[in-house]
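Below are two complexes that have subunit A in common, paired first with subunit B and then with subunit C.
On to the complex of A and B.
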């Protein structure tokens, strides 16, 4: 499993989206998110985007007030994951039009749906923005 | 109950209302949420599916972002799932993927829903159910739905097919038998030219190949084609990952692949792909000089890049190369050293690892110096990171790389003075360990210890207390090397020692005792009489392991005389000092401190009378009058001058177990006896010293309270203990810098011993307690020190074995069913690898599986190792099945298109022949 989880967290450390590809109990999740957020949010712009945590890596990137954190296996390609994050943001941007934290909050299920289009079972299955968005937009009409 | 009415559903709050409401709550968020949850609980019982699904959606939100349990809604989610409306279905699937897991009770009920949707004509419904299956599939679901997934694998709708491919990974993992059905179609998808499909298939194979690369060697031609043709970076990266796993297994394959990879490296503009090429080359193609050079060139570009990400990755790549091509690291030394002061802690740690990789016995001094300077300047966290890695690198393999121990000991002293230093415990261990192991360094060790002790400022730093305790112990134990014992005494008794914790205070007092005895001994005994040789003579006679009693101390005497002559007046002052400093401690709350202070004061009382007497009239007949005192001093001194040696972790294992023992029941008693001892942290070695000290103090106590005949008896008890358990006491008489006689703590062979005798250890600890309880309470202590390790070991050892039995049984069932060449030869390496597995068990399994797969070429031994993990085991089954599948396929479909057939034939071969033989025909055409 390449990707273990995807988190979106705002500057205050509140989780805005959490998608796990392995089952964790609520307590485990709460602990994990707490640790990760503490670790990553303390870092500044001059520092690299990779953090080792427990036995996996976290690749993160900040867009405005939102942090996108992706937990991956150790041999996953960090730069590719950064590209993936960027693709995710661009896709949401295209859909919401200049996406912001509020968009994701209010359309959480849509954001989940987009993620599901892109990632399945921890593997990235779709990297074309058009392909990702077609079903999302189709469903919006129904 | 009729459920909520129409009114309720009309005025139901939507998710949006909920979110907006939440945003307005600045303080009462919890109250708001619990109110909302109450509403949801009511609404979700509604018979109206819209109300129900909205409630479910809100619940998902609260569960996902606010960690509220939603398991109560499992059945409701299933109800919503049966709705004909797509939007309801979507919510239901979302809820199910979020909340269901293997132990959800209603999981069984979902099978038919999923099956219905998997066969739906609406591709989005199919997609939703596939998505859901990929999240929640357990064995039953995977088994029951395999036919549907199989059908979808060749669906003509790409959108569905790529999802079916992705879900296969989970299905294989949960239900290995599905491999028989689906594997062929999965492989067919490899030849698909649609990038969507290809990306999914390659992703699946890269995961599969991680677990067991050998099974996928036959597919190498397909992967090769993808590697050469691929336009998508993402796919290329995944294929490179596959080759990184496959190449080490088959040299001809790597010959073939290395060139395209280098081409890719030269041509690509994408940093991610470039880095993947570099990583692939340095991990799996490190014997190809030109490829490595090319990769190293790229690494250098990364290293000097402004982007911290690239820099980090460059360092990371370097650390991969370091194991095989150390020259690469040396070539980039400047960058690495410079990165030590990078603003990013992750980069710093990465470069620290690299610096430590460069350390050898030639440069350890310079590198340590540089690092210690860095440590002085950096923040506490990184400072300790540095110190920790210096300590662990230098002590590796019993100080393998240290040649100049004088230097190292003074480095330890220097390190403990660094303001942020928190490595006190490790430094303590090493100071004592070195003292015990390396005789030649003791002079310097005592000097370092003195410098530490004498500085009153250090006593205020609680992180240093452990170091100080080691320094105190060292200066007491090796006082004969001291230039000025009087000064040492003052340092040990200085008023600020009250800042120390009681356990360390006790060590201080005990060391002061030793120093005092030494001073008295030099002053009286050495100065005059030759009487009372009997004690020391008997002492030496029984102990042939002992080394230098005489030699060492005479040398030392010479030194003390030249540097700081101990005069009678100074002795008087010394005794006064002791009384002054220790009398308050008689009221100490800590029994240990109190007892030791009392011992020492008792001794002083005893000596003072006689000594002062004899001093008063030393001119005429000191020989007669002082003889009593001299005798006592000599006895005590002899007791202290016994050399202590390091004790091997496995020493107890060597002692044969006597018959007819009653075991376990004594262990409870042991607990109560040893609970008050501060054990030295015994991670690597256990030292006899705290317990030995106790021995010594208690029998010197005897000496004081009773006559000297009795003391002789207790000395001989110690001797007896030594004689009987001579094996515990390692020969310490070697004059080499490092004595090689005792085994390193982590010697695998010895641990193997421990495995066998794990239960014996328990017996033994109980046994050695029994006979000694009567004569002297403190006697069994040396064994007690061991106990700590002994009860750790059996747990670590026994448990996995029993685990393994049940696991390997299950695995073997499956392996035997399909594969008749189960390797049995590698059974022997089971225990050790299992223990490893056990130790790491709390860590997540993935890391280790990687280690195993990469590190080990021999697939059979790999298979064995993996038994320690449940997760691994499942993959293993699956792989076995895959092989079986290839077998089967070959038989059943020999008239398929010929190329496939050929590769299937190859698939079989690596199974039937030993892995090393290269009967495999050239993979790439």
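On to the complex of A and C.
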């Protein structure tokens, strides 16, 4: 299935966006997020951007104060996921213009809409920024 | 743009975001959210809420759940919102519902109707929104409700719809393959879609289909190859380019598919060689994404039928990865190496030092990956070093999940490659001592069997030595506090069987220890049971050897305690112990012969030896035996169990079939234990009665308990309880034999090789020397010592112009091999991946830079307003600047501005000069302007509590 979840968490460990592609209960999510964030925050920048956690592999990348964490299956190409994160950030940046944490907070639903265009059933289905953003921008005009 | 169109935001919402954004602790955040829950509970059920307002409430609900609190009180409103006419409101409703509900939630049924309606909409965006929801909310039962419409949409004129329809079908396939099995041909059709987006999406379901059934898709090899070729030749629209790479994510998916299709298929693989070779050549190895594609090429090459040229390219890439400074690339390199050594094992050799560096790296991720590699390359020549390292690492970590995994790997490798039984036992002891409760119980059984059976039939002396050393080590280990239960079971069993066998230790030594164990782990009934049986064995051996038995007082009191135990199993063992002690030497030697745990047990299931006795009894007027089934008025045991079981487990109808009878567990001792605990749910009062009834020969399971009382000397075998489950124990002994055969085959290596590796484990003064040794023991014999300098040289040549890291005290060879990728950009976490980025920028932490900038501008603006901003076009500086510029006069306005929606544009105009002045800041100055206005409206500014909120993510 590939991607199991996508999280955006700031460096205080506060969740800014969470999208799961398999169902977890609220408690499970909370526990998982806590554990993962603790693990990733403890790592320095020289270390790998990948962390194993239980049966997930977490690929994470930090942008300013915000961490993007993607939980994937074991046989996923970690480098590609790392670049997928970057593509996501670039896409948000194109839409918001100098995207920052606050943009995501203020437009949580838009960030989700973009993700919905990019990932379905845990698979990357769209990587063209134009294709990702068109539906979102059309929504704005309604 | 935040303030325009449907994306209206109220002050309340902005305040919420602001306070969450500025919360300094989880506790503070929780307080805010709990407050919010109270507010929303009140507000959301008010009548006539305008839909924009409602949309905002729903997003606030999303926040509540995202921050870990329950928002179920509002789910129904999200569901209602999906009915809305406005597209934005509807999509937000769908989004919220997919975030809140799982596919089995009761509310889903209310949405299916809406989805059905929306799938028929003329507006393709509505259709897309519904398809998104389909992918998340439709379960097996509701598939038929939407399937026909989804099928129609596969031919929709809009590519976005076709793409999502394909993914919906994919989802159905994942949920219930049978429900769409007749439709999978649609995936093939969509592969030829004109739109690359649809084609790219179709690769996802195809990948899964092919993974399940490769052979049905061999005909597509040519198509996939040709698509990949076109992608690599940049025939797709520029929109799919990412960092100058043509559609890399599609390339990767295609390579994954080819890897599956070409696996073990020479003909299919030959079609792929050219295109994969092309990609190897074309790929930009300086960008992350280029390396991601290269890595996927290696995976593909190592999966398909081998091609020497491609393997060579793969090996080149791997060595570049391993020599890189970037841990990410090293990680990928180690992983790739693990794939490639299956085909060309010799490749590992040239990278041995790099591998050892990774193994010793403090980075846990890298270390684990390296262990994975070592696991893959373990042979009988290097198993000792590798397992030793693994165990050391296992001891050092706390993560139980990984501990379990690595422990089972150690066991697996040790069982497979153990050079000697001695080593095996020592290794197992370490594993048990540190991860005993995490390993499979079977491992313990294997260990006991190995100690019992020893090397083989011929060398009794070696077996005795092995056992003595096991006993000795266990007596020592018993001194440790808190041993895992499984390990204690092994120890008790071994001490019982062989504790006194070599005469080194007296019975009172061993029994004393066993009593200590039973006392120290008095909560663990299994351990106590093992200890009691072990005690019985020791005493039995003593009696049989005509030695006088003096029961230790602590043993006496243990026995007395257990005689009254609540556990029938323990009680029975205690009674057996008591009975055995009272027997004479001859009887004891029969029922408990020493060192006979490996003997086959022949069970006379008809108990024919009792015939005379029965005959005699009947002649004296005793009642003949009535088989259980013919008895009335007496519950038989199995009924009893079933009832018990039913009451415990079922409250309604049972749908699943009854379990099959469990296959026999492999080892003997634990088996009897398991069997005895399982068979025992008979209520206690039955026990005496049963033992009298053993006169009736057809209840084999009673034989065990009857045995002691009846003194059935004619029974072939043996010590007490094994006869409890006669059928299985006989089958056990055969399986033991075969296992013994295999382990014998493995245990061929010599003691000298062991000594060699032990030496290499000793701490050496010179780091590199130790590493070389390690390398030699990992990667092969002494021949490698000559080879290593050669590789070192090669690397050194390649990197002669690289400045060596002076602060790392490593050997020159190592440094050379480490630094051999000179032009390589370290793909920093914050690396944009753009080749234009300068290396100096990469070295610095942009985050720190930003903070530095912030401070600088703040100080500057405090002193004299503006000029600091000119230093940098950075957004931080901009915000700091505008804040400094307007803050003073705005201080008062801000508050009033917040309550006044018309102010939205006003600060924007005031801010205009600054913003245009630094228009380099973003692609869209107008956007940033509005953003600026909005945040000021919120009363958040960069110098407030959480300046991070404003940081440009892309730096």
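One rule holds in what follows: the second predicted complex is superposed on the first by the 142 of 142 C-alpha atoms of A that agree within 3 Å, B and C clash if a C-alpha of one lies under 4 Å from a C-alpha of the other, contacts with A are read in each partner's own complex, and residues count from 1 in each chain.
Here is the rule we use: contacts are C-beta pairs under 8 Å (C-beta built on N, C-alpha and C of every residue); 3 or more make two chains touch, one makes a residue touch a chain.
Not measured: the values here are computed from a predicted model.
A count of residues in subunit A touched by subunit B and by subunit C gives the higher number to C. Looking at the shared chain after the overlay, A:90 reaches subunit C, while subunit B stays out of its contact range. In the superposed pair of complexes, A:18 makes contact with subunit B and with subunit C alike. Residue contacts after overlaying the shared chain place A:56 against subunit B, while subunit C stays out of touching range.
Of the two partner chains, subunit B is the only one touched by A:74; subunit C is not.
By the document's definition of touching, both partners, subunit B and subunit C, reach A:125. When the two structures are aligned on the shared chain, A:103 is found in touch with subunit C, with no touch to subunit B. Of the two partner chains, subunit B and subunit C are each touched by A:46. Residues 1-2, 14-15, 17-18, 23, 26, 29-30, 43, 46-52, 54-55, 77-80, 82-83, 105-106, 108-109, 112-113, 116, 120-121, 123-128, 131, 135, 138-139, 142 of subunit A touch subunit B in one complex and subunit C in the other. The part of subunit B that touches subunit A in the complex is made up of residues 15-16, 19, 23, 57, 60-61, 63-65, 67-69, 86-87, 90-91, 94, 101-102, 124, 127, 130-131, 134-135, 159, 162-163, 166-167, 169-170, 196, 199-200, 203-204, 206-207, 210, 232-234, 237, 241, 271-272, 275-276, 279, 308-309, 311-313, 343-347, 843-844, 846-847, 850.
Interface residues of subunit C facing subunit A in the complex, by the touch rule stated above, are 1-2, 4-7, 9, 14, 17, 20-21, 23-26, 29, 59, 62-63, 65-70, 86-88, 91-92, 95, 99, 102-103, 125, 128, 132, 135, 160, 163-164, 167, 170-171, 174, 197, 200-201, 204, 237, 239-240, 242-243, 247-250, 252-253, 288-289, 291-293, 295-296, 299, 327-328, 330-332, 363-366, 368, 401-402, 828-830, 832-833, 845-847, 850, 875, 921-924, 927-928, 931, 934-935, 940, 948-955.
Residue ranges on subunit A touching subunit B, taken from their complex, read 1-2, 14-18, 21, 23, 26, 29-30, 43-44, 46-52, 54-56, 73-75, 77-80, 82-83, 105-106, 108-109, 112-113, 116, 120-128, 131, 135, 138-139, 142. Residues 1-2, 10-15, 17-19, 23, 26, 29-30, 33, 43, 45-52, 54-55, 61-66, 77-80, 82-84, 86-87, 89-90, 92-94, 96-103, 105-110, 112-113, 116, 120-121, 123-131, 134-135, 138-142 of subunit A touch subunit C in their complex.
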